[in-house]
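Letters A, B, C and D mark the chains in the order given here, with residues in each chain numbered from 1 onward.
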Amino acid sequence: MFKKLIAESMTKSPWIYHVNTGSCNGCDIELVACLTPRYDVERYGFKLAGTPRHADIVVVSGPITSQSKDRLIRTLEQVPNPHCVVTIGSCPQSGNVFKGSYSVEAPLEKFCEVDVAIAGCTPKPEAIIEGLYKAAQILKKKREAMQ
Amino acid sequence: MILVNYIVSICLIALGLYVMCSKRELIKIVIGMGIMDYGINMLIVSIGFHENGTAPIYTLADIINGNLSFFVDPIPQALTLTSIVIGACVDAMALSLVIMIKRRYKTTDADEVRRLKG
Amino acid sequence: MPEFVSNLLNILLVALHVLVFPGLLFAAVGGLLLAGIDRKVLARMQRRVGPPIVQPFYDFFKLMGKETIIPAAARPGIYQAAPIIGMVSLSLMMLFFPIFGHSAAFATKADLIVILYLLTIPAVALIIGGSASGSPFAGVGISREMVVMLGYELPLVMVLLTVAKKVGGDTMTFALEDIAVWQLANGSLLFHWSMIPAAIAFLLIIPAEVGTQPFDVAEAETEICEGPLIEYSGAPLAIFKLNTAMKMFVMTALFQVLFLGGIDLGKYWLLGGAVLFVISAVLTVLCMTFIHAITARLKVEHLFKFYWTVVAGLALVSLVLVWFGL
Amino acid sequence: MIQFYEHFPVISVMGLFLAAFLVEIFGNKNKTIRYGISLIACLAAAAMTLYLIIPVFRDGKIISYWMGGWAPEGGYAFGIGYEIDGLGLFFGILTSITFLMSVIFSKRYMERDAHLGHYYTLFLMLAGSVLGLVFTGDVFNLFIMIEIMTFAAVALTAFRHGKHPEALEGAFKYLVLGSIGSSLTLLGVALLYLSTHTLNMAQISALLSSQGFKPTTLFAFAMMLSGLAVKSFVVPFHTPAADAYATAPASVSTLFSGMVNKAGIYGMIRLTYILFRVMDRESVMLLLALIGALTMFVGVTMALAQHDFKRLLAFHSISQIGYVLMSVGLGSVLGLYGGLFHALNHTLFKGLLFLTAGAVYYATGTTNLDKLGGLAKRMPATTACFLVGAFAISGIPPFNGFASKWLIYQAAYEKAVQSGNFVYVIITITALLVSVMTLASFIKVTSAAFLGQQPASLKEVKEVPFSMQLPMFIMSALCLICGLLYRPVLTYLVGPAVSAAMDPSAYIDTMMGSGYAITHGVLPSSMGFAMISAWDPRFWLLLFIIVTCAVTLVAVSDARTRGPVSLPQPGETDAKHATFFGGEKSTHSHVSGSDLFWGFKKDLKGYFHVIGDLHSGRTNDYALWVVLGVTVIMLFTFIFLS
């Protein structure tokens, strides 16, 4: 019973840790917009966490600059299992307009497994919410797979 | 006569305290301790003193003849002796500490000997 | 041996008290519900939909299911024991309160001081746990937590002494039973005008004790990454979150016992008591939520000054008034 | 018929003094002989003192012993008498525990020092003098013992001057202020002799009761009170204590806080409760309570500003003595219970804390909190003992500090409501607040020295040897026992001491012959003691066990339901278990003691600056503090008591 409860809770209270890897702040603002009264992701239990140790979903925005690559990987290591990685916007997915630059390391798939990728430059808040919601479902599957 | 003793001893005590509070030189502080000690010793001796009293030593003849007189209380004198000895030891100890301080701090000024503060 | 059996039964009864009612389970469920209400009402005040009221339960169970990472710089024993010690002391504290018109499971003649000290244990557990995690952010967090504690302790002490003086008169009493009896005879302390400043002071202490805005300097997630909790994850973190919720519950219960114990329910004591308890707990939490919704986080030095001037001043006013028999 | 145990007090005191000389004669070369003599002397003295519990505490006997058989004649005491009542024995027990623990600790702790023969000589003289001080029934003997005590203590303070020149400075200040204190005591003794013509305490008490007070007697009282206050290091006489405790070897600091300042407290209790028992109680007691409250506040705020482990502990010692004095000064039975119990507890937990400070010094070579960190990993036993001591002194249940502070608050508040004096309310609030500040400063030590991250210089630190751990374990166990079983401790240990202090008639009768007290107007008083609390701590222990078991059971049985626990690999540092630095590679970063409690210090910086400047470190300023303190006590005595 407890197992089921825990698995169920995984989808209901995903905490987000947001990493900006050289983003233009467009995606970051849209993510914050999701918390505002208009969209209010907190009704699904989403919450911004202050440290990766508390996080369930790590949201990455930006094209992974060389400077931020090591920091990003280290931070992703520190997140306890089960956890999901979600990318917002086209930058972490493909590099977007920065592709080919000497200082950009996108895509993120090179370094870790990405569970959900939300495309767009920038994606609408509705898209972000849907992506996060899907990530929460994946979280439950990962939790069940852990046992 | 005896009043003078009391006044002088109180003055000595006050003087000792004054020296300890105002003189920056460590040796002088030790001297202040000594002065205070002397004042107290003098006070104790005066407490036991009676004018025209004799020494508290009697022979059998004195008792038989009945010429027992008023005698000086011996206990304060014993106390004074003890206290003088102790005072001397304390002074010696203090002076030896001052010597060591001079060696390590290169000074005997109380203003400089203050690494422990706050 | 009948004596042995009765002893055993006694122990079992005590265990039941501690673990189920009014101890751990009751306080945990109540606390999580109150936390849920707090979040919901806060959301409504900000014109949001807000999470469901049972959201804190989801958070708790989710955290229980997560991996617990023990950092290399941490001291594993202290790190894992700290949250449990805090939880134990909080569930023990509930045993002192005469709630629902029930008499308390533990009644001593100096409850108030015991409670004062038991209230410090969860904070100490948080501090020691945070310190044991070895993170410099936690170091800053524990420093702030301690300053908050120094801040609210002075007014709290004054409030408790005021209550003791008001109830005891010329005889000293620190017993919650006596306070309950006195209030039944003379009406709730909240409705004695000389006690109103003390009650306000106590209401202002609750947010600092629980650590909600504007007094959440210790766990400021935006500046020092959750402070003492920075390295915690999984089950210990879940228990720390539970502790926060339980603290809220304990403080509202304490407010109810100290200031609202004067309503005589006659033969409906059980039902009426329960309803009253719920209402007063929710009202107390609403006061807290209200403050939360309209303020931003204070700086730590402002917080300290606020408690030692405004709140302590309020408590002092009451103390002096009560001292002169008003 | 003299019972065999009546010789014990004298033998234990004299044995320690004799052993001191033997060590000096035979032990300067051979360390086995040296340590053997010291250990045997300490063990024997402690055993004899503890044996006296049977006749004095259990059977309620008071032992009187006249040196050389000079019993009083014609109602006048000429000889030097030893008299052991409950109060004296209570402090004797504290003393024995302290020097016994310290001598065991000293073996390894002092092994790196030279001239250990002198160390043990002085150690034994210090132990013997304090024991003599609490057992004696003669005021001049009391003065002599105080002098020996000061002398030995000063020399011990300066013992490590080779490595730490500050020790000389601390010793010098201690000597100057100590000698002022001794002189004041001597002055008081002399004036007391002037008005009563006797030096025997029992007789003085009886005579003062029957003949009333003259200005001379009041002056004597003020002088003796200030002299003993200097010896117990209460504010404003506390300044040398901080310097001496901080610079002396930790085993000696243990002696200082465990018995030297307790000796001063003993003297003050003896003075106010027995010698001058018929003085205006309320005013004397108000004076003591005010001094106590001031002491605990100044002590703890100074402690918050320290960044040396031992200096911090020194200021806490001062602060806790303030608790004892405040509670004793309430003058009520409950207050005396609380105060004496706190004295016992202070001996236990502060001794323990000084020993842990010594262990830290032994292992790392420093006590500077800014240089320490993360010792818990390397020294688990010391850390555990330190935590016990820290929680005990901050009054966290279920340790002993909580039990005695609990009594003290009750007593203070009871006094406030009964006397209607608002000053006592302020004192109560101060006491409760000081407790939190104590907690704060120990949190500072815990997080700065024992928890947090390890600096690179401390990677090789080792746990201290077992002979140093043993006394720490014993003290920790005693802390816990006194906290959990405080009822029996109060009944069997503290109770007799309280009744001895409250009822001096038996004390006088034993010394001067029965009936002497009544003829001089000292009536036996019986006192009822109703403890206000009714909490059985064993019950709590049970609860703690139940709950902890239950929680552990749940945690263990559900290991698969719950998330897994991921422990770091020993020796390696992987990113997963590294400390979170916002993504940066984790480096050594530790919030040290001086950086804590920023908001608090900023808001109160006016106060902290003033109080810091007042502790200027200048010997003259400290002497001035003493003179001012004496003046205040004298004025108070003449204005309120005559």
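Everything that follows uses one rule, which is that contacts are C-beta pairs under 8 Å (C-beta built on N, C-alpha and C of every residue); 3 or more make two chains touch, one makes a residue touch a chain.
Given the structure is predicted, the values throughout are model-derived calculations rather than measurements.
Peer 1: Taking each chain's centre as the mean of its CA atoms, which one is farthest from the centre of subunit B?
Peer 2: When every chain centre is compared against subunit B, the largest gap points to A.
Peer 1: Busiest chain-chain interface by contact pairs, anyone?
Peer 2: C-D
Peer 1: Subunit A to subunit B: how many Å between their CA centres?
Peer 2: The computed centroid separation for subunit A versus subunit B comes out at 84 Å.
Peer 1: With centres defined as the mean C-alpha position, give me the subunit C-subunit D separation in Å.
Peer 2: Inter-chain centre distance comes to 35 Å.
Peer 1: Compute the distance, rounded to whole Å, between the mean C-alpha positions of subunit B and subunit D.
Peer 2: Those two chain centres are 31 Å apart.
Peer 1: Give me the residues of subunit A that touch two or more other chains.
Peer 2: 2, 6, 51, 53, 78, 80-81
Peer 1: Could you list the positions in subunit B whose residues touch two or more of the other chains?
Peer 2: none
Peer 1: Subunit D: which residues touch two or more other chains?
Peer 2: Touching at least two other chains: 561, 563-564, 566, 574, 576, 578, 580, 582.
Peer 1: Got a list of which chains touch which?
Peer 2: According to the stated criterion, the contacting chain pairs are A-C, A-D, B-D, C-D.
Peer 1: Using the touch rule from the top, collect the residues of subunit D that touch subunit C in their complex.
Peer 2: The touching residues are 374, 376-377, 387, 391, 395-397, 402, 406, 409-410, 413-414, 417-418, 420, 422, 425, 428-429, 432-433, 436-437, 439-440, 443, 446-447, 451-454, 532-535, 539-540, 542-544, 546-548, 550-551, 555, 561-568, 573-574, 576-580, 582, 586, 589-591, 595-600, 602-603.
Peer 1: Spell out the part of subunit B that touches subunit D in their complex, as residue ranges.
Peer 2: Going through subunit B, the ones touching subunit D are 13, 17, 20-24, 26, 29-30, 33, 36-37, 40, 43-44, 47, 73, 75-76, 79, 82-83, 86, 89-90, 93-94, 97-98, 100-101, 104-105, 110-111, 113-118.
Peer 1: Could you list, by residue number, the parts of subunit A that touch subunit D in their complex?
Peer 2: Listed in rising order, the residues of subunit A that touch subunit D are 2-3, 6, 19, 51-53, 68, 70-75, 77-78, 80-81, 146-147.
Peer 1: Using the touch rule from the top, collect the residues of subunit A that touch subunit C in their complex.
Peer 2: 2, 5-10, 12-14, 37, 40, 42-45, 48-51, 53-54, 56, 78, 80-82, 143
Peer 1: Going by the contact rule at the top, pick out the subunit C residues touching subunit D in the complex.
Peer 2: Within the complex, subunit C touches subunit D at residues 11, 14-15, 18-19, 24, 64-73, 75-76, 78, 84, 87-88, 91-92, 106, 108-110, 113-114, 116-118, 120-121, 124, 127-128, 131-137, 139-140, 142-144, 146-147, 149-151, 153-154, 157-158, 161, 164-165, 168-172, 174, 225, 230-231, 234-235, 299-301, 303-305, 308, 319, 323.
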